[in-house]
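The following pair of complexes shares a single chain, chain A, combined with chain B in the former and chain C in the latter.
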Partner chain A sequence: MAIRGGRPAARAGRPPATAYRLSWRILDALEAVAARWPARAEGAVKWLLLAPALAVVGLLVFGLVVMADASLRVMDFRTYQLGEDHSTANYVRLFGWGAFHATLWRSLLATLLVTLFCLLLAFPYAYALTRTASARLRRVLLVGLFLPFFVGQVVRAYGWLVILGQQGLVNQALGLVGLGPYRLLFSYPTVLFGLVQYMLPFAVLMLAPALAAIPEEIERAAASCGASHPRTLLRVVLPMARPGLIAAALVVATLTLTDFAMPAILGGGTNDFLANLVHDQFFRTSNAGLGSAIALVLTLLGTTVAALLLAAAGVGALGVRGAR
Partner chain B sequence: MSEASFSTSRRRLLGGATALGAGLAMPAILRAQEPAKPAELIVRAWGGVWVDSLKKGVSDPFTARTGIAIRHDLTEDNEIKPRIWAAVAQGRTPPIHVNWDTTANATSSALRGVCEDLSDLPNLAKVLPLAKPIGLTGVPIVNLYSYVYVLAYRPEAFPGGPPTSWNVLLEPRFKGRIALYNDGIGFHPVAQVVGGGKVSDIPGNMEACWAFIRKLKEQKPLLGEDPDFTNWFQKGEIDVACTISSNAREAKAKGVNVAWTVPKEGAKVDTDGMWIPKGLPANELYWAKRYIDFALSTEAQQVWLDGLGLPGVAPGLKPPADLVGDPSYPTTEKDYERLILIPPKIQAEHTAEWFARFKEIMQS
Partner chain C sequence: MRQAPLAGGVALALLLLLAAPSLVVAGASLTAGSIVQFPPEGLSLRWYGKVLEAREVRDALLRSLVVAAVCTALAVPAGTLAAIALARWRFRAALAIQLYLLLPFTVPLIGSGIGLMLLFGELGLLGRVWPVGIACCVINLPFMIWAVAASVNALDPELERAAASCGAGPVQTFLLVTLPAVAPGILAGALVMFVLALNEFLVSLLLVDARTVTLPVQIYTQIRGVITPDLAAVSTVYVLVAAAAVLLLDRMVGLEIFLRSR
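Right after this comes the complex of A and B.
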């Protein structure tokens, strides 16, 4: 076949300079370089490809080491400098501090509840999204899924202030039937509500591919064997959707555990999570030592939550090849 | 006229002419000695009425005089602080030229040694002694005005007249409808007094303070920052709050029916100031100092602080018409007798400890 505007490639041997695209030349050059790569060094290719990611992880680890060092130094408030000596004083103080205990349990409980609610709500949404025969409904569901991503978390939280405030839309509607106004904001349930609303699209996004990967024929086969639709969902679809459920739980749980904005905006100052406590120590009291200690505990907790989820389901649940 | 006397007169005349010429030429000479002007100075400020007033009273007139643009950085004072500390520690140019800060917060930076000395500001000699910080070496911070943490309230909630005691915060009808700062700032000394303790026991023994705050916790207070108070009054979320009078005044200016008072137990008075982080190029340091010096002038303070409704350190300021005789605008020694001042150095050294206790009560 002739290259448009040039001579036939077979006869020319090499296409004319004007017809040979720049991108092809680059690829040729790369191939030439690759051809010179010694066969013995082929094993290094994967490491070269992994290098950028490893560099990022390395930076994170370096940051953690710096924080670990700071967490072992006590702030001297006469000079606002961290002490030279290392000790566990910040951790001792932390675990004896009532505010830390309260915040810790509040964060963990929220992680559990928000993850559960999100999975419960995300499953039917994702199922409808992947199974509906109506293109219009699918479009509506897709818009509903992606629209929240265009609105940041802080803006959404402020939106709830407008909706749930004493003079907000909900109280105005209740006022029309002679009820209220009620205090709907600045409580733990409000923070949970805001978090579920924020995390739900993430859960759907993680769950939908897993459900789409389950062939519909399997459901029809279950039905032909006499299984009702609820029974099919419970005994066939749910177990097969396990990778998606685990991935959704992982994302929602870790994001909830480390959330800052929802408790700060919807909590009214008395429903802080651990991230708020870290922020307070770094930015309000300038205590980098105690702040680092809380941050490390939070990191450890996040890792533990992820590890427990994976241990309960097995890494294989995520579809990782070769994993059990 | 004798020759001698003429000669003397001529010398005087020549001398006078020389002096006059030198006098006329001086501004040009001084200008020639001034270091190069930066295109802009970055001044950290609080948002809302705070930055609007600063712009009108200080920044815009300063730009008109010097041609140097002023950019206001609205990063919170607590959040800019670690960035400045890191820049100074690493020998980098700090992110701002002038930090408008609470004196207590600024004192922590002074204790850390990241503030330039401001003792050579010409206007410092003309203002009230309050302008110079107490208990610090040199003048790392210049205080610019004082403010009072008043008891702000919605008059509809007090048909019998203004509240006279901070104890109203404990009345059951206000459960869920009171507000404090989220770090308890401005309330500790008052809680100490209302709780039956003595101001002189701060910081050694503050159990009375913590006992009162524990009672207050049962009232389910909202905890927030400056803009929250204005917003909460506007949206009808609260009836009473311990807040800076400027926030209540701003809410009032926005049409919200809010009033404020200094109850019989008194109220905490504090100061705000400005400081310059170390590490600026010499010419930028010079102009940053000129900015703070201008902020100390009567001309700048009159306009700036009229907007905030706060008494400045420059002499001869006239209070805004709506604040004449207002206890939140102290001008005389008698006015200050009703107010409680905790030295900023004590505040800076104990902020973390007080914050931890306050959080422990409020988060539990």
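Right after this comes the complex of A and C.
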């Protein structure tokens, strides 16, 4: 009703009321509702806009609280219910548990190796990507990075099963020259290989902006001062790309440390990582308490590494510049 | 590149390594034979037809589409409004808010997945399809905010002030000036959220039961048994969706922006 009462002047000059379009009427109505918003609550608008996102992430926070709570309760295997009392029994058990130690070291070693290999391989890829004069090559290299990003881990692991399986591509090729078949799947190196292949795009994407920020003139200057190209790379480009290298290393390290799919599919249950151990606690041994404890340790490890990354990347990691 | 043919060579070799699984899966799906092998034994599209007949796979695909739709429907308004709010208003705790909104990226997936599984379990939401979509929105929301924030940053606030000085109210300015200007960012973000939810595996695995498996979980379950070419056909659909998404993203925002330093 506020519209009709509030707009006599606008209607007076118009012969038929139908000329005033419906979409305008709707906008007027919305405007009128907005005008009712008390001026005192002006500051609440921004919070209202932010509220849905805060609530969505709030689910995650709630989940972590429930998980932390579960990790402090001991599973009662007579009733398959978590006990009422809180204790650190699950954590105490964790630190004395051989399988946990073995899995922890296997995951940490994998994290170290995968990170090293990823950096080693990501550097030439990112360098070619940012330095190539050919727009077509750059585009091909970029699409090659993003395509795997959108092809899920399961599909990619499935591809490796087809390539490396007992009847797979590699064994068929080896068979032609009278070799094999070799058992290539379900081993630690295969899991590492799958992880490197999976993490490489992340590493390149973290590294490329750092390399792009280094002016090519600097390399030319080093060359004109007599430095060979390898020497320029080693002594000039590499040190300048350090922030990008650190960022890439941290992203690859957190993702590797907490990975589930590659050890599960390419390791076939023989090379479990911590995430697989968590899954087994919930779905095989039904020990929600112990599973939550491992998940929380893993979450803390991963979040610490990620926090280091954010600190290194500086403020505004969401890409929001803020009001000017 | 003239100075570094080595880097170019390594990059091309790595490109092949990155593409190998997708190419092999696509090749294997075209086989006329009844086992997965590469190169395929004769060419045919018969396994694609089989996918549509296999109820388990087809249902899983439909569920994954529902998950992706729920995820996108929630992420678009939540992410868009948050990005606009953060870019256009001053918040006293701006840094804390940004760190909080980045939690989905800093908390490892296994942690978020188990947490959401326990939370949804207490709420009685496990074993349904739509909560999986909500979970996918939770873990990928920063992508949506990122995409829109890039567009908002590129939008000159003078434009909104000009609209206001021409007599547009705040709602009109928002709907007719701000939103259309950031639409490319919203579209790009929605696309990323949709495709990632379609692909989400670990969080799905934790949240579904035998009656509500999503497609990635279905593929995971089947490759632990006998590998049949219909699975390769399904996987190829994923590769094609990914290719379409990359091309669309390139059209909308240009992939080269990812090379720019922030």
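The rule is short, and it goes like this: the second predicted complex is superposed on the first by the 239 of 324 C-alpha atoms of A that agree within 3 Å, B and C clash if a C-alpha of one lies under 4 Å from a C-alpha of the other, contacts with A are read in each partner's own complex, and residues count from 1 in each chain.
The criterion applied here is as follows: contacts are C-beta pairs under 8 Å (C-beta built on N, C-alpha and C of every residue); 3 or more make two chains touch, one makes a residue touch a chain.
This one's a predicted model, so the numbers in the text were calculated from it and none came from an experiment.
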Determine, under the contact definition given at the top, whether A:81 touches first (chain B), second (chain C), both, or neither.
first
Could you look at A:197 and tell me whether it touches chain B, chain C, both or neither (first, second, both, neither)?
second
Examine A:152 and indicate which partner it touches, taking first as chain B and second as chain C; both and neither are also allowed.
second
Output check: A:282 vs chain B and chain C. Expected answer is one of first, second, both, neither. What do you get?
both
For A:167, using the defined touch cut-off, is the partner it touches chain B, chain C, both, or neither? Pick first, second, both or neither.
both
Quick one: classify A:236 as touching chain B (first), chain C (second), both or neither.
neither
In the superposed model, does chain B or chain C contact more residues of chain A?
C
Applying the touch criterion given at the start, work out whether A:119 contacts chain B, chain C, both or neither, answering first, second, both or neither.
neither
Once the two structures are fitted together, what part of chain A is touched by chain B and by chain C alike?
165, 167, 282, 288
Show me the residue ranges of chain C that touch chain A in the complex, using the header's touch definition.
1-4, 6-8, 10-11, 14-15, 17-25, 28, 35-38, 74-75, 77-79, 81-91, 94-95, 97-112, 114-119, 122, 134-135, 137-139, 141-142, 145-146, 149-150, 152-153, 157, 169-172, 175, 195-196, 199-202, 205-206, 216, 219-220, 223-224, 227, 231-232, 235, 238-239, 241-243, 245-246, 249-250, 255-256, 258-262
Provide the residue numbers of chain A that touch chain B in the complex, in ascending order.
75, 77-81, 97-99, 102-103, 165-167, 181, 183, 185-186, 268-270, 272, 277, 280, 282-288, 290
Using the touch definition from the top, list the residues of chain A that touch chain C in their complex.
27, 30-31, 33-35, 45-47, 49-50, 52-57, 59-67, 70, 121, 124-125, 127-134, 137-163, 165, 167-169, 172, 197, 200-201, 205, 208-210, 212-213, 219, 223, 229, 254, 257-258, 260-261, 264-265, 274-275, 278-279, 282, 288, 291-292, 295-296, 298-299, 302-303, 306-307, 310, 315-324
Which residues of chain B touch chain A once you look at their complex with the stated criterion?
76, 78-79, 81-82, 85, 108-109, 111-113, 176, 182-183, 220-224, 235-237, 348-352, 355-356, 359-360, 362-364
